[in-house]
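Next come the structures, one after another.
Look for chain A in each of the two complexes below; its partner is chain B in the first and chain C in the second.
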Partner chain A sequence: MTDLTASSVQSTDVVPARSRFPIHIAVFLAPALAIYTLFSIYPLIDTIRLSLYAGDETGARSFVGLQNFETLLMDPNWSGQFWNALTNNLIFFAIHMVVQNGIGLGLAMLLSLPRLTGGSVYRTLIFLPTMLSVVIIGFIWQLILNPLWGIAPSLLKAVGLGGLFGPWLGQESTALLTVSLISVWQFVGIPMMLIYAALLNIPDDLLDAATVDGAGPFSVFWFVRLPLILPTLGVVSILTFVANFNAFDLIYAIKGALAGPNFSTDILGTFFYRTFFGFQLQVGSPTMGAAVATAMLIIILIGILIYLFGVQRRLQRHTF
Partner chain B sequence: MTVRPGRIAVHIALILYTILALGPIFLILINAFKTRRAIFADPLGLPNAQTLTTIGFDRVFANSDFGLYFFNSMTVTVVSLVLIVLIGAMAAWALTEYRFRGNTLLSLYLAIGIMVPIRLGSVSILRMMVELNLVNTLTALILVYVAQGLPLAILILGEFIQQIPKDLRDAARCDGVSEYRIFFSIILPLISPAIATVAVFTMVPVWNDLWFPLILAPGDGKQTITLGVQQFIGQYVTDWNAVLASLTLAIAPVLVLYLLFSRYLVRGLTAGAVK
Partner chain C sequence: MKTLHSKAFRRRAGQLLATASVVAAALAFANAASAQTLTIESWRNDDAEVWNNKIIPAFNKKHPNIKVQFKADPPTEYNAALNARLAGGTAGDLITCRPFDASLDLFKKGNLVSINDVKGIENFSDVAKSAWSTDDGKTTFCMPMASVIHGFVYNKEIFDELKLTPPKTMAEFHAVLDKIKADGKYTPIAMGTADQWEAATMGFQNIGVNYWKGEEGRKALIEGKQKFTDKPYVDTFKELASWAPYMGDGYKAQKYPDTQNLFTLGRAAIYPAGSWDVPIFRKQADFEFDAFAPPVVNAGDKCYISDHTDIALGINAKSQNMEAAKTFLSWLASPEFAEIYANELPGFFPLSKAKVEVKDPVAAKFVGWRGDCESSIRNSYQILSRGTPNLENELWNVSAQVMNGTMKPEEAAKKVEDGLASWYEPHKK
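And now, the complex of A and B:
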């Protein structure tokens, strides 16, 4: 790392002024920094700024401080929808954490068994739905669960569970759960792959040593493998968190921007879209949209900070 | 070698889950080629001589610009990927190879985009694109996707560049080769294996995205395939043949590419996870 670097070699024979920032480094960095700053960082900062303004019908904007957030959290016209979306989003996330990451962990455990035949075929096939567009997946499940087609009830009947079927996507009580499980079904491949890779990285010696010491398969899992893959489980959790609190496509494809029935599948992403673009009688508002986006940004940042300073540090202390 | 009963249970579990993962997709593909009557009478049956039809596909091609949407998606994805790899490699090279003031700070600055979703800046992005007159152009999408893909690409490519032996570039420097030539003639050709990994993380989300096409390029024949399918199904929701055919058309290219390249994709994903 600390050997002769290019800048020192260069500055002696090409760049005459030593104190100047080496021009070639700037050339290498400039395109990435320009595009990234202009189309990623600046819009995020500008969104936060916009959330402090209010616009009227003429398009003129005036600074209103934190009033938009007050409206969002207190005004009965807004706060009900905001808290509803946030609660639904938390449920959406909880279902992913338990079901998606649970199944992902289970599949990864099975796939990492030594000398498993056909392991790569299973991995490839189970990962396949993850590659498809969320929109396509949404429509596929909408068709399958459609009582008109009747394929879901007849399949359930075949395994003796015919009585359970209902219009799951259409009922207020089951719509959010159904949508969450569709998303789980699609993305189970990601935790599966990440945890699988982590399990493969555990040296065989450790597992052998534990077995020689008389640990059964369950103790090996619980006391040796699980602690060693905890950092990966942390990564999986934060990736799930950010993806879930940023989700939009699936609900929009299945339920539209209104996230029906009666907003029961409304999450922050669809709420943001409606606020920004408007729907039915309500006119879209860029400044209120910016306020919702800023609130989402704050929620995501809180999650990331909890991960970085709470979970990740403790995990590292635990494992090393 | 005898097969232990435990192993059989493992295979049964994995096969059942594989069926659960693939069944719904398979169901759409087979029913897209069946008559409306057969779709409802026998949804699980394969199309046969009496039920085989391509009427759904005919209707899709007659009523929408699928070819165009496909071309739009291809353009956006390929151009974004090329730019992300090229620009990302340049930045990754500068950050890993040279020591200079603010190096760490810049790396941290670029890392923000890995975790914070650029979608949350959509209000400002749309305003900017309106001012730049880029609404309903593929350029708008490409610019946003490059900005979105760069942070992770720089991280992955940086780790890869560090593994390239130092001797090569030092030898070149002794021969007086310029820093630009070292990068473009020596380093860039060497990073091609990392492109597969970058592709997993950037191409797939770009191809599948609905949000930015919906906001930045919803009309004027600039729709991507994902948005095109979404709009088409919205209009023809009761025409089961057409809906199933449009879904099949959207699935097929991804399916073929995935099965061809899955080895690289899966390797890229697991390699990325190890780091």
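And now, the complex of A and C:
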């Protein structure tokens, strides 16, 4: 009797479970998939669709194929601005890669020193600007660097270096560098945190073993720690890349949408904003704006593909 | 049985209550609709107080059953925000109109309605209406509200201290600047180029009208009879370039609020102004200030001023309260509104033909120039900023560069002309 029930239970339970569609997977995927589709995939595809249209003055839209992209790349009035924005964006990115991630790495190394006191205080302080609103960051730095009442010129004068000060945010030669460094100051906490976490993951045994083998601090860093955090550095780089090529807010807050002087701080984000929304007397063009947005998407995709196939595949994750 | 009965009763009562509340809500809604509410979209967030405390109450005295709400965005975000709301169908009933193409574009896209039949439109001259009419001048789509006038505001105490008189010609202007610079205590010209528009608007358009003879030059540009490489325009850029040594330390990174503060703190003598600065200076400056018109090139020349049609109000084509909106626009065209607007916001001058007394002495001085000088509007606004590259953006860019010394006046003129000639037929020859 007991045998019978047991076997019958087993048979009714097991057989349908194999043939049934794994509903639980669909159920678990559904919320994320729905939200992603609605708020990310659909707008993205619609933007690409919109970039293939052109609007006339009544607002009616007609399909024009790749004409918007042709204008963007071939018409000197558009391509000049586009290439200028792209070049500036690459410089913006390069400065972040070298300065932001370099300093981030350095700070993470300092924070992971075993005998550091007040580490968590430094960590919080350095991370703090990241959480501030960009508008506040822009406002504070404009005040600091203000040639009329800023603290920077008075500080420099106090130490006898007043002659070094210039209206850095207003000169074509220095504006982009200055804005980039402000952005670096704001976001340096992110690479620091990521790298710090990776450094903490390295087992002490490895470092001790290296030290016993006669490696100095520099060799320990160069031959043991750095290779072990390379995957994290890769992630940091790609995050920086995506963030920089989507950047807009800080430059808009400091230099406005015309990104002066003479478009020297114009990056793809501000260029897109002017094209899509218009500016002062320039009437915005949603279709042309969508073309710029699609171009940005392609540039970011290319960057990510280079990273995925060129860099990430060669990186080895070490598990301990 | 008893319990059953009471249960049914309770259910009935519940239904009744629900119906009643739905009806009440519907009634309240209908009520709200009959006491119509108009929402105004605007970029004048600085003026919200005046609208809420003066203008709307004055309107409600005459039309108590129309409620009006004033909703403003920051000026730089207005165009983008408004376009997004119009596209989404959530924009207000009344839309504050930028002059010329930005509003013409809205009209052509069917977002604004024609107001030719709104009472009060006859109170405005063709020039006043030109900024909000179709190119053929037949249809007007926004009720003109105000214009702004350019000139120079100066610190009277500094002028008295240094025994200076307001200059009438460019030569006198430079003599005054030299004296202030020689004294060394004050910055001669409060102006910065970081925002770029200051250089173009307070600089190029402000003094330029005297060089290109106001409307004469502006129309010649549109017809293609004059080019930006012609003498008047190059001379304007040359004059701007000569201001650099008189401007404050680091003027290249000086923004508009810095400029205003530099002047209101009494550290600068002359401020190339728009009349909209007057109410702000009234509040912030604790010294006496006055204004002089843009100096003419040679003594005895006829003077011109940039009397720029700047702000108007139109009706959202999708508004549910069309009649109420038209009533509001009619009131906007009345002398009563002109009186309130001119005196609560000195520096914005009504465009209607009605005579309005401006009480603020400095603002009155600005508007007084209309009697002695010829009025003109900014030359980049009508038709010429329709193409790519956008003429207004180009003017901002090159004016700032000329003042920064990174571009020669002739180069600036050539760049602007080349840009215009690349798309505008009359300039292609």
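The rule is short, and it goes like this: the second predicted complex is superposed on the first by the 280 of 320 C-alpha atoms of A that agree within 3 Å, B and C clash if a C-alpha of one lies under 4 Å from a C-alpha of the other, contacts with A are read in each partner's own complex, and residues count from 1 in each chain.
The rule is short, and it goes like this: a residue touches a chain if its C-beta (ideal position, glycine included) is under 8 Å from a C-beta of that chain, and two chains touch if they have at least 3 such contacts.
Computed from a predicted structure; not experimentally measured.
**Student:** Between chain B (first) and chain C (second), which does A:P261 come into contact with in this model arrangement: first, second, both, or neither?
**Tutor:** The second partner, chain C, only.
**Student:** Let me test your reading of the model: by the given contact rule, A:L301 touches which partner, first (chain B), second (chain C), both or neither?
**Tutor:** first
**Student:** Report for A:D205: first if it touches chain B alone, second if chain C alone, otherwise both or neither.
**Tutor:** Neither chain B nor chain C is touched by A:D205.
**Student:** In the overlay, answer first, second, both or neither for which of chain B and chain C A:D213 touches.
**Tutor:** neither
**Student:** In the superposed arrangement, which partner chain does A:W78 touch: chain B (first), chain C (second), both, or neither?
**Tutor:** second
**Student:** Counting residues of chain A in contact, which comes out ahead: chain B or chain C?
**Tutor:** After superposition, B is the partner touching more of chain A.
**Student:** Check whether A:L50 is in contact with chain B, with chain C, with both or with neither, and answer first, second, both or neither.
**Tutor:** first
**Student:** Residues on chain A in contact with chain B in one complex and with chain C in the other?
**Tutor:** 149.
**Student:** Over in the complex, which chain B residues touch chain A? Could you list them?
**Tutor:** 7, 10-11, 13-14, 17-18, 20-22, 24-25, 27-28, 39-40, 43-44, 87-88, 90-91, 93-95, 97-101, 106, 109-110, 112-113, 115-125, 127-128, 143-144, 146-148, 150-151, 154, 166, 169-170, 173, 176, 178-180, 182-183, 204, 207-211, 214, 226, 229-230, 233, 240, 243-244, 247, 250-251, 254-255, 258-259, 262-263, 265-266, 269-271, 273-274
**Student:** Note which residues of chain C are touching chain A in the complex, please.
**Tutor:** It is residues 76, 79-80, 83, 100-102, 105, 108-110, 192-197, 248-255, 258, 261-262, 380-381, 385-386, 388-393, 396-397, 400-401, 404, 406-407, 419, 422-423 of chain C that touch chain A.
**Student:** Within the complex, which stretch of chain A touches chain B?
**Tutor:** 3-7, 9-10, 13-14, 21-22, 24-25, 27-29, 31-33, 35-36, 38-44, 46-47, 50, 103, 107, 110-111, 113, 116, 118, 120, 122-129, 131-136, 139-141, 143-144, 149-151, 154, 185, 188, 193-194, 196-198, 200-201, 232, 235, 238, 242, 246, 248-249, 252-253, 269, 276, 286, 289-290, 293-294, 296-297, 300-301, 304
**Student:** For chain A, which residues are in contact with chain C within the complex?
**Tutor:** 57-59, 75-78, 142, 145-149, 153, 165-172, 255-258, 260-263, 273, 277-284
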